[in-house]
Amino acid sequence: MNIGIIGSQGRMGQELQAWFEAEGHVVSYRKDVEEEILKEVPQCLVDFSKASAIESSIDLAKKFSCPLVIGTTALDKDHWDLIYKAAHSLPVFYSANYSMGIYLFHKMLRSIKDQLSGWSAGMVEIHHQQKKDKPSGTALALKDSIEVPIDVQALRLKGVPGEHTVILTQAGETLRIEHRALSRVVFAQGALQCALWVVGQPPGLYSMDDMMK
Amino acid sequence: MNIGIIGSQGRMGQELQAWFEAEGHVVSYRKDVEEEILKEVPQCLVDFSKASAIESSIDLAKKFSCPLVIGTTALDKDHWDLIYKAAHSLPVFYSANYSMGIYLFHKMLRSIKDQLSGWSAGMVEIHHQQKKDKPSGTALALKDSIEVPIDVQALRLKGVPGEHTVILTQAGETLRIEHRALSRVVFAQGALQCALWVVGQPPGLYSMDDMMK
Amino acid sequence: MNIGIIGSQGRMGQELQAWFEAEGHVVSYRKDVEEEILKEVPQCLVDFSKASAIESSIDLAKKFSCPLVIGTTALDKDHWDLIYKAAHSLPVFYSANYSMGIYLFHKMLRSIKDQLSGWSAGMVEIHHQQKKDKPSGTALALKDSIEVPIDVQALRLKGVPGEHTVILTQAGETLRIEHRALSRVVFAQGALQCALWVVGQPPGLYSMDDMMK
Amino acid sequence: MNIGIIGSQGRMGQELQAWFEAEGHVVSYRKDVEEEILKEVPQCLVDFSKASAIESSIDLAKKFSCPLVIGTTALDKDHWDLIYKAAHSLPVFYSANYSMGIYLFHKMLRSIKDQLSGWSAGMVEIHHQQKKDKPSGTALALKDSIEVPIDVQALRLKGVPGEHTVILTQAGETLRIEHRALSRVVFAQGALQCALWVVGQPPGLYSMDDMMK
């Protein structure tokens, strides 16, 4: 498949390119602040750049008439309004985190969210020191899956691709769910899986839940 | 409430008595290999003795016309046949583990069990050195909640009331669910909660799932 | 042995009394804001009250001519000056944490503190919601054992007697040291062990290191 | 530097080559069951093949008059006799694990090994399913650092480069040391660091301890 990468010179952009090519796909379009290279029209765009690029990414997807897979976090209401509107005419896939493990993490939290009265909750997330947002978009998304007040603490430590731990406690017992990414490749794997799935879907806003059904 | 304890001289039997009394209930019947003390007819029997006692525990519950809460593990088919039969005439509550955290653990595993293709699974359980069964009944029950081959390893270490950790891995990521009991009190708390609930239920076999609905 | 407890009505004060008595010792003196009960002159005073009580605790130890075991944290320079001075005439034992596990934790950190160039460090400590100081005195003491910048994050969650985790990372690997207290009894055990040891020592300021030599 | 790799077609052999070249060194000699390629005489040989290759690796180092860095595990007494003898005429570096984190792990365990009376110990090691030895050579080496009976349990799970956790418990508390390698690169980094160090040393048998002094 021909795939386009937005944010092609960033850390994730480079991981995406390496993985897509390793899996036999063609990165036929690359876009970043300092480059725009179009070899062939892409069949899907994957955007791991930054929130402020959303509008231009949507315009590109319309121009190429192709689905858009979004992996940027720290989106505000305006960004979401743009995404909701775009989803009327385009297949748009959104996840704050493209690892399957984080998807399972969300599922597990949602499965118990109604039965946590009497429990208290905390979260620790650890990422490398180059990460821009704090707490991570994934931590905020996990927080939304649990619907119990949860104190989120972040550490920024060398070389950690991404760890999220939710700690649930009540008198006499503790329950923890911990996810660790060993490398950013896992996010590229997930993004490719989602890109392959969303191509051919009708317009709409899709999430991991839709794909995993 | 008047409660009877079967296995009253064991570790859990003593915890149960202490907790029930601390919560204002009366232990009006105690039974173990070397004692049988009846002060008043109990409104519920709680059995944390051993598998081989099931038959006599059921007979006692019939004699007292009261529900039976069972916490013994390592039950075989014959024991289960007795339990199923008893549940036609008595409310019988069964759980391999009475902590709420382990209940949530099961729920979480069941919520993802259909989406683990591509993952491998392992479990580590740690208990004090006096524990008789290995692996623990709780480990075996958790294994049943996941339906993926899972290698269970057990450690027996001083002073550990009970730890269970399920480890799920695939290329590039690991996901763990870890439960630790800080003391056996947590099992007594859960057993009391179940005993209070099962009193007044019609005959049948009940589990944590039924109570938590 | 006759032991006196300062802070006798606090959480730790009650744990100390229960443990000392369970081990066959006599709590012959109890002091708190609202009580002062002297049955017999104590052979050792154990102070788990608060920093501001240091001066009066030292006066009491002088009055009883007995050693003083101090477990209060959040001490400032003035408190330490008082302690240093008292140690000229009395045996004084100080630890920010009386569990043997935390002692071993310190030893391990000190054994590697010169070899952490290239590593980054973080700490997470978790305690119950009634804990007054944040971060814990133990976390601050562990920080001192490592001599590398270390970001300390604290969570306050139900029912957690005390957890401290140090996380060391560099490119491609993580190393963690984690201590969990299962109950406050562990601190009472350690305090008793130190009290028994310090009785009979010459005047001076003693730490776990001295006792464990 | 010109470096030779023995076991060049294995998983670690390939990692070593990629890392050495990424760091600007030349892999001037490669040897495996099905290949032997000599471009230039190496200044150091790095052997991550298997125990049975030790004798021929030593012969090669003698032939090239260069130091030998050994990373194979599961060595028996005969292999060690060969290594001790070789160290009379060659600088030989041995470690069961070339990550700095595992080195620090050993240091920490050794720092407390005399103070573990009253504690019990267990270990869990997790590696990918292609790993040949079980338990890992690293687990056995860690076991030697602690001198307390320690029950070692191994899990073989997808995609795990290497995890080792030592669990120490006594009544009321648990202490854990956990190391996780995020990728095999960390072993290649360590092996290169050791190779650079051992070149220029006089004949002798060296370990991480010697280099880190």
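A, B, C and D label the chains in the order they appear, each numbered from 1.
Throughout what follows, a residue touches a chain if its C-beta (ideal position, glycine included) is under 8 Å from a C-beta of that chain, and two chains touch if they have at least 3 such contacts.
Quick caveat: nothing in here was measured; it's all calculated off a predicted structure.
K.L.:
Taking contacts as defined above, which has more of them, B-C or C-D?
P.N.:
The comparison resolves to C-D.
K.L.:
For the sequence-identical pair subunit A and subunit B, determine the rotation angle of the Cα superposition and round it to the nearest 5 degrees.
P.N.:
Rotation angle, to the nearest 5: 180 degrees.
K.L.:
Provide the C-alpha centroid distance between subunit C and subunit D, rounded to the nearest whole angstrom.
P.N.:
It comes to 40 Å between the two C-alpha centres.
K.L.:
Where the centres are mean C-alpha positions, what is the separation of subunit A from subunit C, in Å?
P.N.:
45
K.L.:
Averaged over CA atoms, how far is the centre of subunit B from the centre of subunit C? Could you give it in whole Å?
P.N.:
Taking the mean C-alpha position of each chain, the two centres sit 37 Å apart.
K.L.:
Which residue numbers or ranges of subunit C touch two or more of the other chains?
P.N.:
159, 170-174, 180, 182-183 - these are the residues of subunit C that touch more than one other chain.
K.L.:
Give the list of subunit D residues in touch with subunit A in this complex.
P.N.:
Subunit D residues touching subunit A: 159, 161, 180, 182-183.
K.L.:
Sort out for me which residues of subunit C touch subunit D in the complex.
P.N.:
99-101, 103-105, 107-112, 115-116, 118, 168, 170-183, 185-186, 189, 212
K.L.:
Under the touch definition given earlier, write down the residues of subunit B that touch subunit D in their complex.
P.N.:
Listed in rising order, the residues of subunit B that touch subunit D are 119-122, 124, 126, 129, 151, 153-160, 167, 169-174.
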